[in-house]
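First subunit A sits with subunit B, and in the next complex the same chain sits with subunit C.
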Partner chain A sequence: MSFLFGGGNRSVEGSVDPAKIEMAVAELDMITDVFNRLVNSCHTKCIASTPNNHRYVEGDLLKGESVCIDRCTAKFFEVNKKVGERMSAMGSAAQASGSFGR
Partner chain B sequence: MALPMPTTMPLLAPIYLPGQEPLPPGTSDWEKQEMQTALKYQKYLGMAMESCPLKVTLSGGAGFALGGFFSLMSATFAYEDPLSRASTQLSTRAQTMFVFKEMGRNMWSSGKGFAKVGAIYSGVECCIEGYRAKNDITNAVSAGFLSGAILARSSGLKAAIGGGVAFAAFSGAIDLYLRKEPSE
Partner chain C sequence: MDFSQFNGTEQAHMTKVIEKKQMQDFMRLYSGLVERCFNSCAQDFTSKALTTNESTCVQNCTDKFLKHSERVGARFAEHNAEQMQGK
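What follows is the complex of A and B.
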């Protein structure tokens, strides 16, 4: 992109839109954040609930651990979806009522 | 502003869209498809290795082999009565065949018994662990109790409970030993 004149003139065919790049970056950050939270909470719940004196028995996931991780991720996404729906409902209600009160 | 690549934030998980993982620059589309199918079959194989039916068959096979081996070793203590009818009427070759057949029959039945024990215990423990989603000692103890009770079900209630308790103690002891920390 160094051959384009001016920093903001990006309306040439085939060039990328900086606003879209910003959105993609923000979305990737969100996805990575969700993934890391999921990994942390399901690891704490299923694999090493006592991080100070936990001993890893073997390198592979034990059967109980893998079942627990399946259920943990399903619950995580379920709760995530419900919280997102609730918050969007709250947000639209606040918008509709002109943000009276809370 | 460049997209954040994994090397600039080393402790975060690298998330890529499914078709856009960074592969070496020369991989063709066919190679990418082959990699995808290889990963898929690897996942299926991993699922099969951790599944309960495979564990049951492996434990049953191991029990069968162990029971056959024990019976083979104990066949050395079986002797042929020199005054029985078989040793006077049959030739040496027929007697030998008879001994071997008897040994085979005993090995088969003993192997079946051990295979039953191993398969039932392994199946019950796998199911309990899959249900509880935890990995601790109570899986082994309750699986031992249930399989002891199942194996002794035809001898009445008290015998079943006693057998269950005994098998639970035995399998709990073995699992405790297997779970001990190595002394290093």
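What follows is the complex of A and C.
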């Protein structure tokens, strides 16, 4: 850290904070992973439920498929939220009861 | 992701990192799509060449997947925007 510009949150021009970069990269990786899973899951649910034998009738999305995709993404995010809530609840319960409780 | 905490050097670094990841993501998309469309469409192994039906199937498969991915991306961005506003 340079002494010329003093402390505070403003990062010094020209320096790279590796910890910050690492966190940003980790966040980016997580978001990308979620997106890829979402695309694959909703494709299986809404378009080709039999991946090894699906007949693609046309290149555009059918009306039903479009609607399904919208609902599928909404549900995916709800599930994401619920799982997160549950896991953090379990995490704090485990902390509260120490290693003995369940 | 909040870029206001990054200085110029860090932003430039992140831009390069993001570019590289986009390239890798594109390659993954491509090979994933090939596998997906092959699994769905290639059914007739009485000849080496793709039949007309299989060929059309592959075209439709590719188009549909890309449109699907686009739509999911739009919903994803909408959701993220809502999340940002909610905070």
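By definition in this document, the second predicted complex is superposed on the first by the 85 of 102 C-alpha atoms of A that agree within 3 Å, B and C clash if a C-alpha of one lies under 4 Å from a C-alpha of the other, contacts with A are read in each partner's own complex, and residues count from 1 in each chain.
Throughout what follows, contacts are C-beta pairs under 8 Å (C-beta built on N, C-alpha and C of every residue); 3 or more make two chains touch, one makes a residue touch a chain.
Quantities reported herein were computed from a predicted structural model and do not represent experimental measurements.
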item	value
More subunit A residues in contact [subunit B versus subunit C]	C
Partner chain in contact with A:G64 - subunit B first, subunit C second, else both or neither	first
Contacts of A:F35 with subunit B and subunit C, given as first, second, both or neither	both
Contacts of A:V25 with subunit B and subunit C, given as first, second, both or neither	both
Which of subunit B and subunit C A:T73 touches, first, second, both or neither	second
Partner chain in contact with A:A48 - subunit B first, subunit C second, else both or neither	second
Touched partner set for A:Y56, first subunit B, second subunit C, both or neither	second
Contacts of A:D17 with subunit B and subunit C, given as first, second, both or neither	second
Subunit B and subunit C contact sites that coincide on subunit A, given as residue numbers	21, 24-25, 28-29, 31-32, 35-36, 39, 46, 55, 57, 61, 65-66
Complex contacts: residues of subunit B adjacent to subunit A	1, 3-4, 12-13, 15, 50, 126, 129-130, 132-135, 139, 179, 181
Complex contacts: residues of subunit A adjacent to subunit C	9-17, 20-21, 24-25, 27-29, 31-32, 35-36, 38-39, 42-43, 46-48, 51-61, 65-66, 69-70, 73-74, 77
Subunit C to subunit A touching residues, read off their complex	1, 5-10, 13-14, 17-18, 21, 25, 28, 36, 39-41, 43, 57, 59-65, 67-69, 71-73, 75-76, 79
In the complex with subunit B, residue positions of subunit A that touch it	18, 21-22, 24-25, 28-29, 31-32, 35-36, 39, 46, 55, 57, 61-68, 71
